[in-house]
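You will see chain A twice below: alongside chain B first, and alongside chain C after that.
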Partner chain A sequence: MTDVLRIDDLTMHLETELGTVRAVENLSLRVDEGEAVALVGESGCGKSMTALSIMRLLPPYARFRSGSIRVAGKDLVTAPERAMRQIRGGTIGMIFQDPLTFLNPLRQVGEQIAEAVRLHTGAGRVEADAQALEALRRVRIADAENVVHNYPHQLSGGMRQRVLIAIAVACRPSLLICDEPTTALDVTIQAQIMELIDNLRHELGTAVLLITHDLGLVAQYCSRVYVMYAGQVVEDAGVREIFQHPRHPYTQALLQSSLRPDRVSEDFAVIDGQPPQLLAPPPGCRFHPRCPRVFDPCPSAMPGLDRAGEGRAMVRCHLEEAHQ
Partner chain B sequence: MTNALLTIHELKVHYETSGGLFSAGSLPVRAVDGVSLELKRGELLALVGESGCGKSTIARTLVGLTEPTAGDIIYAGQNVGNFSPQERQNFRRSVQMVFQDPFDSLNPRKTVFSTIAQPLRIHKIVPRAELKAEVIRLLNAVGLSPAEAYLGRYPHQFSGGQRQRICIARAIASRPKIIIADEAVSALDVSIRAQILTLFRKLTQELDLASIFITHDLSVVRSLCESVAVMYLGQVVERGPTERVFTRPQHPYTRALLQASPIADPDVARSRRGFLLEGDVPSPANPPAGCRFHTRCPIAQPKCASEPPALRSIEGVEAACHFPEGWRQTEKVSRAEEAVQ
Partner chain C sequence: MVEATSKANGGDAVATDVAAAGKARAKRGIRFRYARYVARRLLQAVPIIVVIVLINFTLIQAAPGDPVYALIGQMETTPEYIAQVREEFGLDEPLPQQFLSYIAKIATFDLGYSFRFRQDVSGLIFERVPATFLLMGTALVISSLLGIGLGVIAGRRPFGWTDNAATIFALAGFSMPVFWLGQLVLLVFALKLPWFPVQGMVSLRAPSHGWGYIASVLHHLVLPATVYGIYHLTLIFRMTRIKMMDVLVQDFITTARSKGAGERRVLFVHALPNAILPVITVIGYNFGFMLAGSVLVETVFGWPGLGRLMYEAINARDYPLLLGLFVVISLFVIIANVLTDIIYALIDPRILYR
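On to the complex of A and B.
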């Protein structure tokens, strides 16, 4: 398997007026060809900042401090802006939570897809328009011939997300980054969109990086999982491994507080407190103030992300080191 | 009907859309179109459905933010429509609401103390001299301690979960009998959501509150509420005890909702067999004739397009479907297919 994305030891800080926000620290992540990988965590854990780092769509006060992001032989941390324009929408497609923000309200959706095609393939107008129609059909829009001429406000939320996906995959990217793609949608529409993304992954061989807070979507659609907490990856494992034998106390807590429609939880398994501010993260392990299994080294020493157990899971926890 | 604390009977709420500059007259939006519900003392009733099904409109009507077009609301045996101003004031004190967005539902220019003291003053719950002590008691009850330190703070100084606790403290301040929670945990992260649900469950038991819990998230309903009503396009399509509805759903829409709800277990999630609903929910300004779900229903028959089904008892629940047995047929077929393979 060759990787389409390989992030090694990435640290990205935001230099704000209030101080340094440690948004992403020592993050390593890999996505192989055609694979569906999840990056999960709660609000503010740095998962979206990771995605924006890959696309280099960061605010001007963002600074890469170390590490590399390798895509198609290039390091995106140092790539010139010209090269990034070919990567964005070409090699990597991206879809976001709120499609309306990313669609131009004044232009027909067909034009918006064709624009992406012309930009990345150099196709002529007629050819690009034909490909736009084809892209709408690919995302299962029934009357694509008419929808091509619609404006975004004429479409429902689910249809807009389909249009955004059509733009993202129009140039056959090798990686599709989906940042909370269904959070704003109703549950039956969410199911349609997730099925569509999964089908496109198989049809086009596009790898998917799914960024989400919803463990249910991860369980159903992804083969590997990275769990993020306070700017760091705390656990990296296969999907069955992580759901059956979660090792990091944070992963365990997340799973226990995830309610399920197919069974009754008597106890909502609360972890106290809230995630730390990344302006001044706690010393030592960042989870230690909330951890039910905190012990001697946790408040002072930062645990490394190390291999744990027989499988290929990687865990950032002193408990695992103690077991070795 | 006898032990019901609150009864909603054939409630209709239609919004007149004043057509824009370019539209010549338009149809009213039938947000709620003939809903009957019953809430018993101490009961936790879930109202579920997707955007635009009318669940929030019911909540707004119950607390008096929207006027009903038709139908009755009966509280403790009396029709709310016939209440005197004094009785109406009393009713409003008894039914309190917690909203989805704890950022929008708190006044940013008021301190925590004045936010929570306001209902205490309006409804004269405690003498003026005891206001501060009562606010502190309420803050402790919702798990915000040390309460004294929070009194003078403003909403922006709190996290989302803490703000939702402040909203809950304000809601229970007037000693209500009923709490209506409209997507009260939907904006929260899972670890915070678990904290708020734990608080909510504890308070409803301690204060003997009945509650209508409005949500789109079926996983919360399964663990929190004893009964559930499923809405589609302004109408209740299925209702009954949560366990029954979740394990033996009779309406195809309920089945579709359950099928589409994510399950955090790779083996269970991937072995589910069912169907995906196609298309979007039709407009409530122009709902389909007959059964409103027939345009998306995979087992619809010609009768469904012409005759609206009424709620009737089927297998321990009430469902509004002409052909609930249609499911058992298709299930038999798919089991037979499985056996062959």
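On to the complex of A and C.
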């Protein structure tokens, strides 16, 4: 299997007025061709910043400190802006959380899709319009001939998310990054959008990196999971492995909280304790102030991300080291 | 990836036809909505015009003493003429009747006679319109374009050095009174440095037509248009800057970037049209203030336009002329506002769907 995205040891900081936000630290992540991979973690742990690092759509005060992001033979950390423009919307498509605000209110949806086509192919206006129509059909919009000429305000939230997906996949990217694509939608629409993304993955062979809070979606649609905590990956494993034998104490807490039907929540706030501040993360293991299994080395020494047990899982925890 | 796309769809003539046909249909639909919107907007202007005329009529009626003097002014006239005016305006008839005949007169642009200038008021006013429009149009267009351009540059990198420089300049321009600035500019660039003429619209020695005439008018135009435009420019600049800062952090800009749009495209195709909407409203609604401001600028620079005429009418207590100016200027303001709304809808089609 060849990979479409390979992040190695990436560190990205935001140099804000308040200080350095350690949004992404020593993060490694891989997505193979046609694969669906999940990136999960509680609010503020750096999921979106990871995605925006890949697209290089970070705020101007963001700084890459180390590592590489390899896509289509290029390192996106150092690629010139011109190369990034070809990657964005060409090799990698991205959709976001809130479909209501992510479309330009002044332009017809067809134009907005055709723009992506024209930016990445030599297509003329007529040709691009035809491809925009085709893209709308691809995202299962009934009555696509008319919808291409609608303005965003004429469409429902679910429709707009479909349009955004159409824009993202108009040029058949090899990777589609979905940053909480269904959080803002109601439940029935959520399921439809996830089905659509999954279908597109099979039809177009587009790999999917799904950023989500919803472990149910992960179980249903993804084959591998990266669990992120405070800017770091703390566990990286197959879906079955992670649901049956979660190894990292944080992953265990996540699963437990998601199993409590009374507290199914947008967020993992159900885990005791405060999520860490990335401005001043705790020393040692970032999870130690909240970890039920904290022991001697945890508050002072940062555990490495190491292979755990017989499986393929990688875990960042001193308990694993102790086992070996 | 790219080749795959064009191959998959490139030869699909049917899809292309369907898309083109749909586009034509949608275009007709939009045109229809637009025409309906323009018609509605024009209709809405009618009652406003009636109100303006009514106000003018009330002014005549409310004038102290006999309303006939509001129509004649404080000129020495013969009793025969007074009787004639009384008859023409039906001043002996009941009020509603009078109002109707007044509307009829205004509809035919019969605004009375100015004794001060010994000329029809309407002729007098329309003679001056081109000069004012030349001055105001030049000032409005150039300062709007400059203001928007500077606003885009500054709003793109707020608090960078270009932004700071432009903002300081704008603050200075914004706080200088037109009257004072006009005199200062005259003093420096017309008297101390004899680069520009002091007064008027065209030099007496200039040819009466052709390029020589145009050159002379342009030469005369520079100082008053600059003074006239500077306040407007700073206003437009500040608004564009703020709106650009606003729009550039909005989500759909991220979408534009994530589909591979370059910086210029993001700025001018996605951000600017959204940022410029309130600016257009301000430009249009500012038109009235600018017309009012023409009194100052045209007086300082001896520019033979409506503002100067207004100044002269006030000085001479020429009521018919003043009332006529009031009607005509009000009409211009209404037209400008309607035009603004029509242009707004060209950029923001959401309005057409209300």
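We adopt the following convention: the second predicted complex is superposed on the first by the 311 of 324 C-alpha atoms of A that agree within 3 Å, B and C clash if a C-alpha of one lies under 4 Å from a C-alpha of the other, contacts with A are read in each partner's own complex, and residues count from 1 in each chain.
Please note the rule applied: a residue touches a chain if its C-beta (ideal position, glycine included) is under 8 Å from a C-beta of that chain, and two chains touch if they have at least 3 such contacts.
It should be emphasised that the depicted structure is a prediction, and the values quoted were computed from it without experimental measurement.
Of the two partner chains placed by superposition, only chain B is touched by A:Gln274; chain C is not.
Contact with chain B, but none with chain C, is seen for A:Asp214 once the two complexes are overlaid on the shared chain. By the document's definition of touching, of the two partners only chain C reaches A:Glu145; chain B does not. Touch criterion not met for A:Ala313: it reaches neither chain B nor chain C. In the superposition on chain A, A:Arg172 makes contact with chain C only, not with chain B. By the touch criterion defined above, A:Arg240 reaches chain B but does not reach chain C.
Taken together, the two complexes place no residue of chain A in contact with both chain B and chain C.
The part of chain C that touches chain A in the complex is made up of residues 1-2, 4-6, 8-10, 12, 15-16, 18-20, 22-23, 25-26, 29, 250-252, 254-262, 270, 273-274, 347-350, 353.
The touching residues of chain B, when paired with chain A in their complex, are 50-51, 159, 161, 189-195, 197-198, 201, 216-223, 243, 246, 256-270, 276-278, 280-281.
On the side of chain A, the complex with chain C involves touching residues 55, 57, 85-91, 93-94, 96, 98, 101-106, 108, 110, 112, 115-117, 119-123, 126-127, 129-134, 145-146, 148-149, 151, 153-154, 164, 167-168, 170-174. Across the complex, chain A meets chain B through its residues 42-43, 156, 158-159, 186-192, 195, 213-220, 239-240, 243, 253-255, 257-266, 268-272, 274-275.
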